[in-house]
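Each of the next two complexes has chain A plus one other chain: chain B in the first, chain C in the second.
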Partner chain A sequence: MIRVILRRLISLPFVVLSITIITFMVGYLAPGDPILSMMGSRRDPDTYERLRHLYGLDQPWYDQYVDYASGLLQGDLGLSYRYQGRPVLDLIGSGVLVSVQLGLAALTLSLSIGIPVGLWSALRQNSFVDRAGMTAMLTLYAVPSFVLIPIFRWINYQFYTRGLPSLPQAGWGRPEHWIMPVIVLAAASMGYIARLTRVSMLEVLKEDYLRTAQAKGLRNRRIRWIHAFRNALIPIVTVISPSIAFLVTGTFVVETLFSIPGIGYLSVQSISQRDYPVIQSTTVILAVAVLFMNLVTDLLYMLLDPRIRVEG
Partner chain B sequence: MTSSRLRLLLSVLLLVMFTFVLTLHPISAQDEGVNLRWSIEGINDLASLDPAKASDSQGFTVIGLLYGGLVRLDGDLNVIPDLAESWTVSDDGLTYTFTLREGTLFSDGSPITAADVIWSLTHALDPNTGGWTGPFYLSNIVGANDVAEGTTTELAGAVAVDDRTVELSISQPSAYFLSQLTFGSAKVVSKAQAEADPTGWESSPVTSGPFQVQEWNHGQNIILVPNTNYWQAPTIATLTMPFIQDSETAYQLYITGELDIMGSQQNGIPAVHVPESETLPDFRSTPLFAVRYVGFNNMIPPFDNVNVRRAFALAIDKATLANDVLGGTVVPTDRILPLGIPGSELPITGLSFDPDAAKAALAEAGLTPETLGPVTLTYGVEGENERVVTVLQAMWQENLGVSVTLEPLELTTFSARLNETYETPETGIQAYYSVWGADYPDPQNFISQQLRTGVGNNNGHYSNAEFDALVDEADVLTGDVAQRMSLYNQAEQIAVDEVGWLPLFNPRLNILVRPEVEGIVFNGQGLIIPDYSALTVAPAM
Partner chain C sequence: MSDSTSNLTPSPETRLTSIRPGMGQTHLPPFVRRLMTNRLAVVSLIVVILLVLIATLGPAIYTASPITPDYKAINQVPTAEHLLGTDNLGRDTLARLIYGLRVSLIVAFYVELLNISLGATLGLLAGYFGGLLDVIVTRIADILFAFPGLLLAILVAATFGPAVTEQFGGIGRLLLVTGSLSLVSWPLMARLVRSQTLTLKEQEFVTAARSLGASDRRIMLTYILPNVAGIILVSSTLDIASVVVNEAVLSLLGLGIQPPDPSIGKMITDATPFLDANPLQVFFPSFALMLIVLGVSFVGDGLRDATDPQSLH
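What follows is the complex of A and B.
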């Protein structure tokens, strides 16, 4: 297990290096630059050239890259162009925290509903409960958040106009601000997790070793929870772990529509505004998070499945 | 067994959620005084609180509340005294002498002096500041370009005669110089604070305007409180300005009582909600000082031919576009100056929709739809642009028989292409769908600054000697306002006849303001507070 961790840790700098080069080149080759995006339709060639010079955008690409990379090595993510002079670290720091908190809350909710519903359906395959549960879950999975949000808001508005307790339609800072975004964010993955759990559990329930266990006279509860469920968890872990990594870059739609100071909007906006240092930083952070979660996934596999432990 | 556990789990979850709901704070609990909640849409944070660095309309809205300038605009868009109580202009129109209000103070209690004014103007021009609005709007001040180029840090044209007297010299007489001084880049910041803390001052600035910063929560909101040292100090207790990216979200917060003003940032009420909002007393609507237009590359075929441009202009049915396609959220226009801006009261004969005249114009150019060659209309992907250009394409097809190819570009890529078109028109785009909004309410901002030969914004290189002569005369004509407007009017008529631009419509801005909010004026320039001390929220009836 230590070998796996070490191998991953050694490859990390190389992966991050290649990612920074690729992101940098894509940004560099995209038409336009942050100055142009900022000045909009006002043309002033002299000022434009001076600002390009001030921000070092007139340097050859390799100089720009070396500047950036050496800063990165010292933990300096650079300064944003758009939010003039603000360090990128300061800009994305608090946002990452908000996005991760929101994402984890949503993930917790979707797991704590998705898995039980999936298990329940699997154990009562083809019953009314199974059909109803799966239809509901499939619906949640299929309806995109930008459709779900107006529906929630409409219902909430009906409460508001009737003087009933209602939730804020958007915003951040108070506990009740969490409810709608967390439910909306959880909805899609909840549906997916429930269906995955059901399928995976049904697969496992057909396995010979469960029949053997049953024949040996083990109690149903033990068979289901220790033998079946543990094996059924592997595909779920495969799906969940990488998705946790994406929490750090936030969820554009939900954060934007609920006006949440996460990092989702910033990540997307930085692309259209050619805010290279921000684009680079969010990409690097995402890359590191994905690599880390892949490692966690592998370790979880080993915990869940002794066979992988041996091979590893 | 499992089902009972699940039931338990679900009940716990529901209980947790209800507890959240029950902890709801009563909305708009106001302990001391009036809190006005005014949303800033379209951004999730301000770029900077340094007036020299702000670059978008949202930023300038907040800058305008925090800092005073020598002059500002009143509700009728006239230039009025602000930090300067009066000014005189020399007979040659080249020297402006401003006298600052006696005893006027910054929010920290230090006096606002001529040195602060000069430092602020120099700071806005300084290339190390990294802003662009200073070099763009203050270039008429003598020596401005030297500062902007970094050859000196002394602004030659700005002299402090004494603590209360600032003398500004300009290179050319200008009827709109004072208008330009109302823009954000000419606002006054504290020299002492900026020099003491060159990097930190802009996050908690000492201010010279009606408000000061109480709290700036990045990514969420900025909370302002009155600057009691301002000569016209506001009486409301706080002004909370949440940053709301999406205007639908702002609308939802407004209708659930969490905002007092929404939509003022050129992202008004979402079009789908306009019908249900129109009947409310909260509803306010005005055409913006902005024009959506089609620009043509005058340097390459086919639009180097005035008759081709005329043919394309005559083939567009703007009324249908505005009323049927855009559902009355815009006002169709045949002219360059937006409705309501000074100068727009003089009439213009536009190129109204006339398919026969359009075909005739094309024939006069000696061309047919077949011999015209391929035509491409380039546009930036944003808002309703897609719908508009698709309709334009259909109208040119139907009324002129010309099939136009549409080229959508991501916004910054579009700006880059316009730049290239300006630099090398031969390889540039043929025609583009674009927009211009007023930075200050003066016809120069639309006529001379957009279509005079060679100016930076004239991406299509429209050129007409008579037009140039008229606007050159008007730009420097001070004193005789009527004569100046008449010159612009003649120039505009030429540009309309020759289709320097093909103007389509002025966007309407629809906003919601609680009827209890008093003391604001809403016009094409946006929300204006003519007297900050009169801004208030009257208790609801």
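What follows is the complex of A and C.
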């Protein structure tokens, strides 16, 4: 087990390095002169040189990369093109917290609904509950977020016109602003988790040791919750990684469509103003965050399942 | 987003029907015959073909302009003049839908073409030859996998978008969307084909061919390729569903097809604020999108069962 962890930990810096190199290259290869477009019509050679130096663009690409990477290590994401000399971190720092909160809320919701629904379906295999639950979960999984949003909004609007309690259409700040975005963001991973939980539980229910437990006369409840559920949970841990990947793309869509000031929304805004360092920083932040989350998930997986520890 | 629609398992009914013996006398390949017995897949295939026909022949039959606004007729419900009504700028929804469908399908087609010509080829070569080539291909794929979801596609489309539009216009933008979407989807294809090739090249029939003096090229083309063709076909069909959704996402974020050109994703989100006035403007593009996504997924599932009868058990 230690060997596996070590191998992961050793490869981690290289993956992070590759992520920063790719992100840097995309930014470096971006066509056009950012300084010229920053200056607009005021073409003053002195200012031009000064800004080029400030942004480090007068250096060869390898020096630029070293500056960029060492800046990242110190939490410096570089400077904005749109707001002269302003650090990118100033622009998106507040968004990071919002996105993290939104993402964690969505992940919690999808786990706390997906797992019970999956278990219930597995225990009542082929019953009406199973079919209805799985159809609902498949729908949530298959319908993209930008189609779910108008559906929810329409339902919400029907509540509103009938004078029933309804939710705000968009915005951020009050607790009720959370409800629709979190549900939409959680939908895809919820469906995915529920379906996987069901499969995993059905798989475990077929195991010999459960028949043995039954033969020994253990109570059904004990068999289900102590013997089956704990083993079924192990593979479920692995779905957390793909769920987080769903959340990342979902963040962009949900934040943009609900006008939530997270990093997804802020970087989409910055794109229309051609402030590329912002989307670059967002990419690095999200990719590295997901990388660490995946590492933690894998470690958790190994901790939970002694069989993997031995094989590793 | 629905990144792995491949998880859609067929219902028990379709599993049973596809085991039934084939249609008999005709000389169709066995997997086509097996596919024909899968009712859901056949219906979905017909729907997909119809959508393709609408996208290709539509503009010739339905000549309304998809981009000319008519401020006297905004947010209309379907009328004889505008068969599916109009949007918030009075543009004809059916015409926009046809062009949007066209964009979705063109992007999906070229992304899969790139996936097959780049991803599958590299996967095959890497799996077969191993060594340095394998290390390079798997490393590149691993690095691209490190970017979750659409993140890399968003970055590339955002950074190169404006310049590409200035230089090459709408076509350039279409190509950029295609390129950035295949950037995030070819690694999976390469990985699948590589792992399948690794298993195949150890099989006895390959050893037999080699001992008879077959060249590497011949072994790859006549012995291995036919055996990975099924995987390539199935996974690229299933991938179309996620490409269509991803194109919609890029466009609604403002990184894909640029207004006033229509894209299904943008149509849905543009019509959302006018839901109370005219919910149909959201419904039609959403319905078209789900039709493609589900149709393609069911065809893909059917193909998987038809090319690999073992997966039925």
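Keep in mind that, in the parts below, the second predicted complex is superposed on the first by the 235 of 312 C-alpha atoms of A that agree within 3 Å, B and C clash if a C-alpha of one lies under 4 Å from a C-alpha of the other, contacts with A are read in each partner's own complex, and residues count from 1 in each chain.
Here, a residue touches a chain if its C-beta (ideal position, glycine included) is under 8 Å from a C-beta of that chain, and two chains touch if they have at least 3 such contacts.
As the structure is a computational prediction, the values presented were derived from the model and not from experiment.
When the shared chain is aligned, chain C comes close enough to touch A:Tyr192, but chain B does not. Once the two complexes are laid over each other on the shared chain, residue contacts for A:Lys216 go to neither chain B nor chain C.
By the document's definition of touching, both partners, chain B and chain C, reach A:Leu257.
In the superposed model, A:Arg153 makes contact with both chain B and chain C. Of the two partner chains placed by the overlay, neither chain B nor chain C lies in contact with A:Arg3. Of the two partner chains placed around the shared chain by superposition, chain B and chain C are both touched by A:Arg274. Applying the stated contact rule after C-alpha superposition, one finds that A:Arg42 touches chain B and leaves chain C untouched. If you count the residues of chain A touched by chain B and by chain C, you find the higher number for B. Legend: residue contacts after superposition of the two complexes on their common chain; A:Val143 is shown touching chain C, with no touch to chain B.
Of the two partner chains, chain B is the only one that A:Leu119 touches; chain C does not reach it.
Taken together, the two complexes place residues 30-32, 153, 157, 256-257, 272, 274 of chain A in contact with chain B and also with chain C.
Residue ranges of chain C in contact with chain A, taken from their complex: 1-5, 7-8, 142-143, 146-152, 154-156, 158-163, 245, 248-249, 252-255, 265, 268-269, 271-272, 275-276, 279, 282, 286, 289-290, 293-294, 297. Those residues of chain A whose C-beta lies close enough to touch chain C in the complex are 15, 18-19, 22-23, 26-27, 29-32, 138, 141-147, 149-150, 153-154, 157, 161, 188, 192, 195, 242, 244-246, 248-250, 252-253, 256-257, 268, 271-272, 274, 276, 279-280, 283, 286-287, 290-291. Within the complex formed with chain B, the chain A residues making contact are 30-33, 35-48, 50-51, 53-55, 82-85, 91, 94-95, 98, 109, 112-113, 116-117, 119-120, 123, 153, 156-157, 160, 165-176, 178-179, 221, 256-259, 261-262, 265-266, 269, 272-274. Those residues of chain B lying in contact with chain A across their complex are 1-3, 5-6, 9-10, 13, 17, 20-25, 44-45, 47-48, 50, 53, 55, 127-128, 130-132, 135-136, 145, 148-150, 199, 202, 217-220, 242-246, 248-249, 252-253, 255-258, 410-413, 415-419, 422, 434-436, 456-457, 459.
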